[in-house]
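Structures are listed in the sections that come next.
In the two assemblies presented below, chain A is common to both, partnered first by chain B and then by chain C.
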Partner chain A sequence: MINSQNIIARSATTTPPPQARSHVEEVAKLIDVSKCIGCKACQVACMEWNDLRDEVGECHGTYDNPTDLTAESWTVMRFSEHETADGNLEWLIRKDGCMHCAEPGCLTACPAPGAIVQYANGIVDFDSNHCIGCGYCITGCPFDIPRISPKDSKSYKCTLCSDRVNAGMEPACVKTCPTNCIEFGTKADMLDRAAKRVGDLKALGFRDAGIYDPAGVGGTHVMYVLHHANDPNRYSGLPKDPRISPLVGAWKGVTKPIMAAIIGITAFAGVIHYVTKGPKEEPEESADADPTALGYDATRRRDDADDRPHGGDR
Partner chain B sequence: MKRSQDRLVRYSPLDRANHWTMVIAFVLLALSGLAFFHPAFFFLSHSLGGPVWARILHPFLGLLLVLLFVAMAVRHVSRNLLGENDVQWMRQIGDVLDNRDDKLPPIGKYNPGQKLVFWALVVSIAALLVSGVIMWRPWFAGYFPIPLIRLASLVHALAAFVAIVTIVVHVYAALWVKGSIRSMTQGWVTRAWARHHHGLWAREQEEKQRREQQP
Partner chain C sequence: MTNHWVDIRNANLILSMGGNSAEAHPVGFRWVTEAIEHNKAELITIDPRFTRTSAVAQDRAFIRTGSDIAFLGGLISYLIETDQIQREYVLNYTDAALIVRDGYGFEEGLFSGYDEATRSYDKQSWMYEKGDDGFVRRDDSLSDPRCVYQLLRGHYARYTPDMVSSISGIPVADIQRIWKKIAAMAVPDKTMTILYALGWTQHSIGSQIIRAAAMVQLLLGNMGMPGGGVNALRGHSNIQGLTDLGLLSQLLPGYMTLANAKEQGYRAYIDKRTKQPTVAGQVSYWKNYEKFHVSLMKAWYGQAATADNDWCFDWLPKLERPLYDILDTFERMSKGELTGYFCQGFNPLASFPDRAKITRALSSLKYLVVMDPLNTETSEFWKSYGEYNDVDPSQIDTEVFRLPTCCFAEDDGSIVNSARWLQWHWAAAPPPGESRPDTRIMGELFLRLKQLYQTEGGVFPEPILNLTWDYKIPHEPKSEELAREFNGYALEDLTDAQGQVVRRAGEQLSGFGELTADGKTTAGCWIFTGCWTEAGNQMARRDNADPYGTGNTLGWAWAWPANRRVLYNRASADVQGRPWGANKAFVWWSAAQGRWIGADVPDFPPTSAPSEGQMPFIMQPEGVGHLFAGQSMVDGPFPEHYEPFESPVPQNLLHPGKPKVRNNPAARIFDEDRAALGTPEEYPHAATTYRLTEHFHYWTKHARLNAIVQPQQFVEIGEKLAEEIGVAAGDWVKVSSKRGFIKAVAVVTKRLKPMTVGDRQVHHVGIPLHWGFTGVAKKGYLVNALTPFVGDANTQTPEYKSFTVRVEKA
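And now, the complex of A and B:
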């Protein structure tokens, strides 16, 4: 953890993170979907910088290659063919990967202290050294991003090149993109750029162009410019209103401390009951002194069914 | 030494071996599970050799527990249905808690409190099994849609909570009612204990003993 002074959130941690510094500016990566030509240079740059060599996969009859994110493919171009109402075809290409949410579901769900951290600049990073491989981050993420490696059972995803950014460089994908479809800078600057691009697209006739910076997860540090921001689903299932699922909220929220408290209170109630009411002492053997106490003579050896009360069989 | 007639057998050696194996499995499951449950309990992951081992071993221990529990449950389910005097006993729960046992009606092998423990565990362990398998990485979770895994995670946490509270109550009851722990360690209870706490069962057993002692 090079950037440890700037960690503002840490998985499975209930005490405050380091807070001495507060001047760090938030960064963002802006992906202008309308400028992407699907060349996958960013995928290659990502492999190269992060030193990842995924298995060579198979062709599934589409340009998607690999067909999904994996522990060794942290970004993937997703191609979709959309037929518009007037019968035209739109070929939409979206660079998929971690969105670096301001309110990351992965971090909320992770049970291992420090396995997921969020830096003051907004980057959400996995520290695989602390990862236990439970997959809760997959359960928590609204974008279906993290992947557990079959090799080491650790979870991986895009780091937004936190190592490069920390050294003052832009992420590898940004550096390599030949069309400037991917840009990087402060979040404020990127929002300005995005607004300008949205204006351009509107001028070109894309009335529904807009910025994808979903408020449901507090905004993201990877943003899209979409020509159809009204229907993000069109871009290979980009969620329209992503947020941490209410199920995850219920699972990871107040229910836990409440349940833990009830377990403790139950045990404590036992202690109090014992010291106030006392145990049920073992009955004296002299209960045998009255062998007829149960309404029959227990000392009788003869099996005399008639004068015995019937107790049922259980 | 008490004469053998003063004892009633409550649990066979196999019952006892099964019970204490379940105890070990359940305690390790609860400790390792609580480690994932809330950060305050993360240190408990060392109960299974550290957090990664806890993550790996917990589900396998869970399967072991389920097998042992099913073996126990099928043997005892018929004794855990609602029986004679159970409703009356429940109405007098105040007398139970205040140790006014002489006012209570005689009941069968298990009292309604014990039956509630039995059924709470049947339900929670079944829920733990189903939800646990759905959450289980790397083996099974990949076959289920993420929204279902989210539901399973919530259900698993709730069911574990129910199971743990139930076991806390169960353990307390054993400590509270003197003479009962021996039934699960050595297998027998005194005749007086049986008549006092489980009158209908004592009568049934004594009759059985008497029949066996017939020349």
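And now, the complex of A and C:
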């Protein structure tokens, strides 16, 4: 875990986030769908930077491959053929992946302390060391993004290359995109840029062109420029008005004691696992990732998320 | 490319036709998106399919594969008949006004001079008429019925919108809408760029399609202009370098040509290629041919090459057939006429047409040497892989040797890109295992051959024994040494007209203007002279300063010729030397400085004032662009539509009832291969093969990342055809031609629609080519099991893009 001084929200945690730093600007990735040629260079760059190698799959009758997000494919291109009312064909190609919501449903839903964090720059990151593989983040996500790995039962998704961004670099997909359809900068700059592109598209006759930055999740740190912002569903099922599932809100009430019990059981299972299978080899950065090193009590779960600067189910 | 990648951003209109630029050249496509966003350019795609390029285009039309000349010919007629040409440009910078000899004609689908027995043309009648002064006659009123303009007009009058629609399958409304947009580029301050690739070259009429595009650009005044030109997006990263260095059977380096068997005399060989101006006062740069040739022979044979022995002309091979191209070579191999074959960086079993024939040919060899970084299909052609490679190894006696080479990232050197830029690169990693640079393998091979000739003698040892081989480590020539050799140096002091020494013996030359025909200079490839001068390696330069804001970065790498980035750029100014438009200013005449100045190295004598009347196309004896290709093409001075050798249409709709001109009458086809062509009744579906972005040819199926993003072979069919044959997306289909079959997953798409061609409905089948039986992707069938063994009449590039198949549920 790097960038720990910039964490503004942490799953299942009551400890207040660090406050000393200031001047951290929110960032955003802007995907201009009207400029995307679906080359999948972003998919490959993602795999290379993040050291991921998914299975060599099969063709299922489309250009999409891998056909869905997995624990080893954090971004995929989704190709959609749409015939307009006047008979014109559009081949809409959307890069799918984590939207890095300002109010992340995954983080709200996550019962494992510190498994999901949100940085002041807006990036929502998974700290897999703390992941218990419960899958609540998937329920919490209005975009159906996280995937549990069958190898280690932990949840994975795009980190917006938080490691690169922390070092002042753009995400790997942005770096590699040959048509500049993926751009990266402060959220304010990206909104300006998006507004300019929307103007260009309107001038080309796309009356419904617009920015996808849905308010239902407090806005996102991955935004799209769409030629048909009135109908995002056309782009392989991009939700028109994404909101965090009511189930996620519910868990904070009725299900909370149950979940607390589950966490207890999970912890117990961990102990059993340790006793029967022995210690797991830790990756090198485990010292940094140790919650106690950050001053958190990892066994405590936060009672109220509303004091977070961002996020939650307001 | 006549222009270059970055220059695409200067275009007002981008025509992507005969290629799928976003799919095959995604990195260069950045400049298309730049033009669309920042220059408000429009992108138009014309392709049988709705492609990845079409996905971001503003307009598009769907054309039957192989009918591009119909569309472009109709466009030429439209431009002329509606008078939407750049008239001042056409009159002064093209041959429109030149008079063609009596005797030239076009009847019954054939140009004058056709000989059916040899399937070739005598081009004597395809010439301009000369006046008493020995120069070509002209008619500036463009009204003489024998002037090129009127002949052109007459030739394409047949290409009416209805006819074009009938042949190409594009609805008339779409044709007219796009023609109108293209015609708007005839004004002096707007340009269209044309981007094409193998979608134009891989036809039996491929060279003529590209010529038709060049003619359109001449009529619009778009050649030599920023944001204009005819731009070949090359299919391999260094394939431009391959042709530049003459690695085609009839070429010498720098587009000089080998002598044929009838040309045994040096002087006649040189005189034929030394083009003197045919219009008074023109540059006709090929008049310097002998300087280039002698400098090449001095590079190769050093002191052994003298004026007395015609610079070793007798040691050069002489062609006893027009070309030793791959089709010809494998035809002879299949007949048992070859003993061994060296296969360097090539995968013939996968890459050449009619795979069954290639298997037969390779099986008849005594030995096969494969130099490649990868475990290619060719190197395992003898091994059974079930249905993927159904052979019986016990019946194949060919001995196969594999010599692993390193790949480009493991070696220093230059790569010539589509834009003619020689860009130096440095090894990123040492080569793995026992792999070695190609030059090391070639070096060792050469030294052993030489030793054999030294110890055992031979019939004709001189060309081997005398070859210059002065590399510091003889068995391992270094890229730097080879690059310096291509550039050339002075063998003796060179002096100017006043006798002043301008170049000391031993110094690297600064440009091909320094080359001499008297043996004082060397140049291993004259067009590369200037790439490694006394100032060092120009290809390694990385200054991308762009002082004129045109995207022309003369300090970045080095481009042939002479670091020029846009060919014929003198044509970017009018006859008086002024830019055609303020927004298109590129190279212009400065009266104050008495020279041509601007953003590029002028493609012109630098101090030739406009008043001297020299015209921009300095490589042509007339100084102008050729609408009429008198001598350069074997199959006609004007492009004519002929059907692909395998076509879903039984006759050429321009010449109904004339089977002899259904296909290109000057294309070579071997008898056995003609017998292996299918009929529209048996094989009704129009097929075309192509690449996908996720892969590069047959290489990247060996790379895990590429295999992940496109793992398995598929073919694309339209929803209507899928319905007809009862196939849904994801089902397996069998695709057969008369030569073989493949099986693949069906991608059923709205992006392929049936077309109405003549009186019938034509379905296209799209066949990506990347899979085979080696590598880490899912095993697949080599698609060239399907393709026909016939090539373009001029280049013999196989007709991979247009043939016929039958698709059925597997």
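The rule is short, and it goes like this: the second predicted complex is superposed on the first by the 251 of 314 C-alpha atoms of A that agree within 3 Å, B and C clash if a C-alpha of one lies under 4 Å from a C-alpha of the other, contacts with A are read in each partner's own complex, and residues count from 1 in each chain.
The rule is simple: a contact is a pair of C-beta atoms (placed from the backbone, for glycine too) under 8 Å apart; a residue touches a chain by one contact, two chains touch by 3 or more.
Small disclaimer: the values here were computed from a predicted structure and weren't measured.
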Per-residue touch tally on chain A - higher for chain B or for chain C: B
Chain B versus chain C as contact partner of A:Ser153, first or second or both or neither: first
Which superposed partner A:Thr179 touches (first chain B, second chain C, both, neither): second
Partner chain(s) touched by A:Thr139 [first = chain B, second = chain C, both, neither]: first
Which superposed partner A:Ile116 touches (first chain B, second chain C, both, neither): neither
First (chain B), second (chain C), both or neither touched by A:Lys35: second
Partner chain A, residues of chain B touching it in the complex: 2, 6, 35-42, 45, 51-52, 54-56, 78-79, 81, 83-84, 97-99, 101, 106, 108-109, 135, 137-138, 141, 146-147, 149-151, 153-154, 157-158, 161, 164-165, 168-169, 172, 175-179, 190-193, 195-197, 199-204, 206-207, 210-211, 213-214
Residues on chain C engaged by chain A in the complex (per definition of touch): 22-23, 26-27, 29-30, 33, 37, 50, 52-56, 58, 693-694, 704-714, 728-731, 745-751, 776-778
Chain A residues within the chain B interface of the complex: 12-14, 111-113, 132-136, 138-139, 144, 148, 150, 153, 245, 247-248, 250-251, 255-257, 259-260, 262-263, 266-267, 270, 273-274, 277-288, 293-294, 296, 298, 300-303, 308-309, 311-314
Chain A residues touching chain C - in the complex, by the definition given at the top: 34-41, 43-44, 47-48, 53-63, 65-66, 73, 81, 83, 89-93, 178-181, 197, 200, 204
